[in-house]
């Protein structure tokens, strides 16, 4: 049968887990598909590398890393929590391969800078993930060899509709294989230490329950440390104001290119090239077209656009490639009233505010307990006590209680750095003076201004 | 002059800081004194090694490590914050040697298991530290070569009475060279990761102010991470219930030996040996006597006491050496009312409760802001903003706010493990049943039950 | 003056050195040039990432890393080996900035896959490096602000013609800032440990001499370990047979594209796109054209070529992107006589041997002593003894003596993996059987077949 | 049965292996014996901590670490190399427990500073190991519960007489669980990097054969790196001249104490105390007496001897405790002829050469192939090729060939440091001048003079 194990496991050398252990034919075949190999050409952290220069790693390493964590968990569950009868709430070994595959493929639909262009171009990486798994792809061919309904099962796990909550929560919950791998990996490649936590201990205290996944009480502090690490990585790395200043540039330049494309005659449209055209012409993207678009394509055309006749597109492209991010100031009660005047000031200085300013908000929920009445209730992190009762994480940890449900939040106004050197017109002199004094002070909420 | 630097620095290889850089004659000479070399014979974490077997490191490494951090800070201050006029709140380079020496010697008065025997035998390690520095010692001879009042200055820094708050706070505050070194060092040797933090970044954001030491706002998250790490080390390592079960044994056996010594005729007193006798005979200890007592002496006599005719002393000694810690249960509203009955039960089972049970409370203040009205107000951790104003740490960090002023707290009742296997008399059967059900559940507050 | 230091240093977070310390205006300005930022778009190890998936780091990080090592060395030299009189063989502080700049820019002329295409397209990265430094570039503008002859001085250091051998050897010798950084960095990103060595100790034993750079005898074992580490990285990582199987594909597909381009009419030439055209049309490349070509451009056009009408170009492009490397066998006395027959066999199987087979030899000199009569004599690694005499490394280390002058060597024949599954014609059956038995055995010289 | 596994494994936190996994009742019970707990009181590296202050770890951690490596190997063997028929040369799962126990207990007979006192007092740690395993001990009681002949089997594995060479070689060969653990552990605690190697890869390429243990050819470079690491640790750490200067002091002071004891009347013999007396009175030591002697006992009596009336014993004791090692010079063709005169000079200066000088030779064989004609032939390290043939390590590795059979060697003459400051009598002036010039130069062979 196709689901057989390899005679001897193969390994990939990995800086985070040391070795990725590939033990199944199907896993090896999935890694060798064209769709999976494409993940080598999509960076994990997009433009964060502009701030933390070590962070140039791709989604390929993260995907095999998430798989490796899933492999360790299922091995452990099989040894200690193997189901003996249906509905005993323990681990059913036949879920192993499905879990591993879902972990490996959870990011398969991600494209280059996908967070940036999804709302610009109306794509939906979740729909694409599903199509890659169930559509006409090499991935689907491999999966179908397991069984005809296997691709749909894999897709349902990733879509969180699969019936076994243990499998779903291992792939996607507040403490899942995805988050565990990317925290460790991003910490390693950025060279920061904030994302590190004791994964070995967490994995040892994980256990299947009737409702999904819980943790032995003995792992409480390791889990607490994980939540705190995640919170710190958000503040220090993922929300870094300078990265966001680069992201704003990227968004504006793609938007400008899209406008120019739309307004152009057919024969002038070829500045976006054949690979990007399907994205720009506002038709639904096919999976095939989507898969052609990787970091390299974007970067190549942005390179070309540096000499595009449109001064805004060429200027933004140059700023992006030469790492000349927009500068920012925190929007708060004191700065908010100034922003309209400032936009006008930017305009007068010769920068179209539509392309040279932005309001950018960073938010995330580091942890929340289960809230039955919200749209998408989160599965909370639960601990099992000696007597079998459960306790939710934030009841046990004052640290987690302090950040529970908190939407971390850093709203900023972006503008060209050149504004700091101009001598403003008398009319705006006061506004500008106040503004500059805030810039002076904005280190207050800049998490890591040095990098 | 004696305060000259070495022609070329010498280094000690250190697992935490890689190299300890010794650049001054006086530092080298202090390290070579008999009093400083004694620190090799006093373990940093006492009996914690019984739980985390890697934690067998001595106070010697910690002392040179704290010195090394002080050396880096003063070098940095000299480069970027050198005082140009009196009272400008900047760093006065002539404080360098004093700071380095105080860092090196801050633990010089610590003896073996000093926390355990201080209240048993009425010694005071702070008084002894002072005597080692100002009394008739090799340390004092070296220090006196700098200047006649130098020993007193060093002692005043350690006693926190020195006039320059910058020097005092570097040696002793909520974020000082002592705490920074021991967190990193204890994390390394125990093999846990909880104590790690970004010391390089913290040192880069430290700065002298008119009132002592503050931090650039850019270092906020690194400092927050340090406070959280410290909190986690307390819960996970320093307050480990099993270590405390060993500490209770040690305390009881020393207490028993002291009682036997006091009750003995002169010719029977020699079971404590010549080195411990000054400690046991309730006379004030001289510095010379104190310095003779190290881990080895205690351990050797406890070894001998295994065959002492007193059954309690010999039994406790054996339990201590063979790592047979007392077992514990958390004292809370439900267990507290049972304890008296339990002590009686322990007694009936043949274990004198005075030596075989204990109530042991662990507490510490992970961080607090300045409270003017308390006995010993703590120097709070302050950040300097871009405009020069200051903000206190817990105002900026919700994580620190959550644990600020909190006295971490884990009150436990200790008893012989054998109690779990006895078949209790009818009279106490109910108490015992309740008791056992709590033991079953006590993982709830056992931070790290595996180790 | 332009050579002033920054009021306060800036830092970049780096996973290898923790922080890169930028202390000079000119260094900051050089990093911010368009030519230097381009290094972010050129991977350090080219297609090695296809074997070690963590190795996706760019030349940007390596360049600032080499700079950081140079910065540490010059700081150390200034403190301990500052020249007091001309020609005393010690360190002249005025060489500091030149050294730092040369370290930062030593790789500025490298292009994407430059080793692969240099001999295909006749480019010369050393000439380009020079042009970037002395030609019409942002880099040149920054350098010229130091002094009119500064660009030429920088270029001469990189070309090894600068008069001060200390500066030249720090940048380029058998133990220079380039090699030290890349060994540590490549070890980190691949996740192998073979490249690690004790850089802190090596830097502490480095010293200027009248003839260049030497080492204190106390550093002998650390230097020995570095040479052995380098040797092991060559065998384990840089010469990995699978990487070379990818490199052969790349070379063949570029060669095929070049042939097609040359044979095409003008209107059919645009399949290589505007950025690559200057490379393909056999005209001398301008610096401006060269700098437009980065990894992204190559990868984007290779992506497009997957659907090129030429079956060889499209097939090779697909194999390259989907990581389907050519397979290999060691060429030795037993296999060499078979190769011609095998090429014929490959041909019969439908693969043009010109594009589907290759003989690829890997060689390098891990260390050699000074050989006066060879074309490019290497500067040997010398140690200074207590009495001031010198000894060469391989005289002191039996390990280094064992690999001295040895050109590590792994000559391989590459062919399509599909050949392993064919059923050969009777005519070649014997050859093929012998051949397969060697493949079976070729693990003998495959350094790291797992990855 | 007693050989059952635990319901759930227990773990010990370990800095090297992260967790030590205890899965069998018998292993847990062995760790809890009084004889095994004693290993906490015997330092792994004896007086090496005087040079590398981090190296204060005990044999306890090393013993559980060697066990953990054995556990991983047997688990791997069971999965991939399980024997299917007798004499198929594969792994017999019933050898698992024996292997684990032998790994855990391989050092059980080691005493404090045992290498130093074995030849002084005529003890034999191998005989003692055997007695602890087969004699009247807690260890023996635990082992006997497995089966009556189990203790003898364990002893035979450690004595290398057990019939299955696979088990013997895992415990004791040129690449065994003992050496693998101590290299990694000593590297970690000293803070040097020379001892690190890629254990994960070595374990993955290990395999049972008919003659013992071999390695897949794919692991060749990892094994080569291990041998080189071991060689470097010998030169850099284990043979450090300063440690040996401390060891000489220890040996001389114990020798002096022994002489005084022998020459004393009964009532004056008690200066060695009850625990050391059995060692000093030249009677055969019982196991019980032997087990009472740990580091603490030696250190405590050396502390007391600082005030012993014999000036030599008290002086040597002080030097030892205050870390005042003898100084040394390499013995070579130039220095050897001077030594007799120098001893006389030392004598004249007031130091009895018998106690204040020594000739100390350090030697070890980093690796050797099998030599049938020597007394104790070593089991060579063999690799298995694709076709099943074997190749010996030094045939494949030029690095190993370079140090094969080489008895590393560093013969030194030790003398009091004070000799460097004396003004010698005219008679010896020339000798002394020559001598001092060699000392000046002796860094040549001092591996790591800084530490």
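Letters A, B, C and D name the chains as they come in the text, with residue numbers starting at 1 for each one.
The rule we apply is simple: contacts are C-beta pairs under 8 Å (C-beta built on N, C-alpha and C of every residue); 3 or more make two chains touch, one makes a residue touch a chain.
As the structure is a prediction and not an experimental result, all values here were calculated from the model.
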Touching both chain A and chain D (chains): B, C
Longest centre-to-centre distance from chain C, chain (CA-based): B
Cα-centroid distance, chain A relative to chain B, in whole angstrom: 43
Mean-CA-position distance for chain C and chain A (Å): 32
Junction residues of chain D - those touching two or more other chains: 11, 18, 192, 204, 448, 450
For the chain C and chain B complex, residues of the former touching the latter: 8, 11, 18-19, 80, 200, 204
Complex contact set, residues of chain A against chain B: 192-194, 196-198, 201, 204, 216-218, 220-221, 224-225, 228, 231-232, 235-236, 385-387, 391, 398-399, 401-403, 406, 437, 440-444, 446-450
Contact footprint of chain A on chain C as seen in their complex: 10-16, 18, 32-34, 37-38, 40-41, 49-50, 52-54, 56-58, 60-61, 64, 188-192, 274-275, 292, 294-297, 299-300, 303-304, 318, 321-324, 448, 450-451
